[in-house]
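Which chain is which? They are A, B and C, in the order written, and residues in each are numbered from 1.
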Amino acid sequence: MSIIIEVEQLSRNFGGLTAVKDVSFTVEEGEIFGLIGPNGAGKTTLFNLMTGITPVSKGTIKYKGHLLTGLPPFRIAAQGIGRTFQNIRLFKGLSALDNIKVAQHSRTVSGLISGIFGLSKCRLEEKRATEKAWKILNLVGLSDRAMELAANFSYGDQRRLEIGRALALDPNVLLLDEPAAGMNAAEKHSLTRFICEISEQFNLTLLLIEHHVPLVMNLCDRIAVLNFGELITIGSPAEVQKNPAVIEAYLGAE
Amino acid sequence: MQEDNFPCQDIMTAVDFLQNFLNGISIGSVYAIFALGYTLVFSILGIINFAHSAVFTLGAYLTYSLAVGQFGISGILAGFRIPFQLSFPISLLIGAVLSGITGVLVERCAFRPLRARDADSLMALVSSLGVALVAVNVIQYLAGSEIYSFPADVYGDIRPAIMFHVAGKVVVIRTVQVIIFAVSMVILAILVYLINFTRIGKALRAVAENTSTSSLLGINVDRFILYTFFLSGFLGGIAGSLVGTSFGIAGPYFGVTYGLKGLAVIVLGGMGSVPGTVFGGLIIGLTEAFVPSDYSAYKEAVAFAFLLIVLLVRPQGLLGQSQIHKV
Amino acid sequence: MEDFLQNNGFLLVTLTQQALLAISLYYPLMTGQLSVASPGFYAVGGYIAAIMGTIDFFAPWRAVLGWAIFPLEWLIAGLVSAVLAVLVGIPALRLRGIYLALATIAFVEILRVLCLNMEITGGAIGIFGVPQMFENRWSYIWVFGPLLIIMLLFTWRLEQTRVGRAFKAVREDEMAADCMGVNPTYFKVMAFVIGAVLAGVVGAMSAPFLNTWNARQGTFDASIAYLAYVLIGGSRSMWGPVMGAILLAALPEILRPLKDARLIINGLVLIIASIYLPQGIVGALQRLRIFMIRRVSSMSGGS
């Protein structure tokens, strides 16, 4: 198994505040890698740094050996890194189908003029994109409501749609930011199964931020623990659970 | 021979400089007062009140009506003469108070219904523009579209200008400029005192910082929004009246340019910052005054050039913050 | 029929022209950009046509090309607008929301002051005697009309394609669109340029139509008017700007008997519509349609 993501001495400062400090780790291809820590530990900031939303203050991020730091988000997405958001950022005014079609943008090429004049290459591309979007909707179980506006979906369905949208990027790496937030036990259970399935089916490497500890322990191959922007430890779920610094971080933070 | 000219040239340039400086400070302080109306509303509601220039215009007409009272030849009030005339300071004050009340009316008509409906802030733009359109056209309907000038003796017994001679050149300080500067400084001082040292000011700052928390703390947010709009209208009315006495009222649309320049002032100073607005106004006023007379036609573009450059280089302006803070 | 055209031809052409200018504002809005720069490009386009139509430098061109000088004017106006839009747009479109709107207001005002003071634009007086394309005003519908139809078709098709989806995604959530592989700056600039080119071409067509051209053509007032068309008509569909323009531009004419009160009523319409029609007229009609459909189905279901 090769290393697909390499983060080295990554830091991010906002004025006087250090959100992420000297974080280094690697992720192996095909892993399900968990990221946990108390609120405000810098987990989402780390995702934002990796996807290019927030500029890096210091350090590097490498993906398959290529440097990601300094690239704008759309280029990082085009390279095959998809994500979901903590607060769900679907395109509310677009239909579920269109949400998924948008994510295929970097895999398609029709331009302004060629698209409007409906050249055969573009029509073919459009047809393929639509088919693929339907497939993904089927996968997440939302194909019966393909034409409905994303705003009208229930919270749980929106989360599923958002994952589906990220899958449409044809990603190699998927960053999921608290995908189980607000779900009940049954939903969490089916989400865990779903994540395992897509990880296998699409040969994905997954990075997962999650607060629900049992879910993380069950699902992840390795877990990194963050506190106050610093990496406390990385290890298997068993190792992390027993680590005294981790326990202190969680209990101490109360 | 050369040495003789040198000191004279220096003095002449210094005199020009002084004249321009005085002009600049004067018009700059009016810009500042006017723009503070925008700043107050922006701090509280986060939107730009496009009806502010209409209140500016209204203030000018009101002060004129009270101080001079003779209407022109067009409009419904053609030829009408108000039976009494008040002294200038009283007219200014009453005109400003009425403008403040108008500000409150604007809030009631254009902004409150939109807040009640949780509407897009773009709609507040259209709504306030609609109010401006109505207000300006009502003024036009009543007073016509001609120019109204204040008579030279409007200030009573004070001389219209002081002139002093320096090295063969004349520096003119118009009385109205002194009045503008004095009124502006007084207003500013009162505003600073109000915002920083009174309970009302503290509450205003709290509301500006966070409306929901403030209302949880028992502050009647709606009432403070009202106070803000009154204050904003008051400032607009004063600015309009001062400009009106200084340059005359060139018709009901004379406030449009000031309205736009006011936007340049608040962007330059930093939207929501009171000291920033004051600096912004003075900077723009001074820059306009120092435009060489060969290029005087481009004076009008100064404010907008500032606006564009600031937005492109440093959008938050000089002292940009999004709340009224300690001045 | 002749009488109707004589009396109302000017109005109908004006309505079409205003609808086009509303669409020029709609394009940046499709990517979520509140830009009121259209009047600036409209003014530039008009000046290009006016200058090419009147000054001596272009006299040989006019002699050789005859009527074909008009399409050339449109082409050049479009190109100049495109270049200007890229130059202004790339730095300006980094701004968001009201800041962008203010930057475009500044742009329009600076252009206005420049045009007011340059010799080539005729200074404050402007340019008179711009040669006409047709003999009567009504015939101009043959340029504005087809352009409107082309723009409507273009926009309709756009909304069904990849680029149209990209526009909408950027409008909905720029950051999310970025993370989904859509380059927001590229599409914002594209939309801005399309709007600018449209406004410029309409300007070039309007200079002969109006016969004179001066700095009053590109003002903040015009910005407000076009913005009102789009917001009142509905900013989420291309029919919004069209309906808004037709209604609001026709309103002063319809209200003409009321003389002085008409602008007051215009203002009142803006206030009332912004409060009660948050999605514009088109949005209200859509809600009405959904309401009627539900009504009908519940009535037939009930019986």
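In this section, contacts are C-beta pairs under 8 Å (C-beta built on N, C-alpha and C of every residue); 3 or more make two chains touch, one makes a residue touch a chain.
None of these values were measured; they are calculated from a predicted model.
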Original post:
Which chain, with its centre taken as the mean C-alpha position, is closest to the global C-alpha centre?
Top reply: C
Original post:
Relative to chain B, which chain has the most distant C-alpha mean position?
Top reply: A
Original post:
What is the distance, in whole Å, between the centres of chain A and chain C, each centre taken as the mean of its C-alpha atoms?
Top reply: 41
Subject >> Distance between chain centroids, defined by C-alpha means - chain A, chain B (Å) >> reply: 51
Original post:
Taking each chain's centre as its mean C-alpha position, how far apart are chain B and chain C in Å?
Top reply: 32
Subject >> chain C: positions in contact with at least two other chains >> reply: none
**OP:** Could you check chain A for residues that touch two or more other chains and list them?
**Re:** none
Original post:
Which residues, counting only chain A, touch chain C once they are in their complex?
Top reply: 51-53, 72-74, 76-78, 82-83, 85, 89-94, 98, 101-108, 110-112, 115-116, 118, 122, 125-126, 129, 165-166, 169
Original post:
Tell me, which parts of chain C touch chain B in their complex?
Top reply: 34, 91-92, 95, 98-99, 101-103, 105-107, 109-110, 113-114, 116-117, 220-221, 224, 227-228, 231-232, 235, 260-261, 263-264, 266-271, 273-275, 278
Original post:
Can you name the residues of chain B that touch chain C in the complex?
Top reply: 47-48, 109-110, 113-114, 117, 119-127, 129-135, 137-138, 140-141, 256, 260, 263-264, 267, 297-298, 300-301, 304-305, 307-308, 311-312, 315
**OP:** Can you check the complex and tell me which residues of chain C touch chain A?
**Re:** 154, 157-158, 161-166, 168-169, 171-173, 175-184, 190, 236
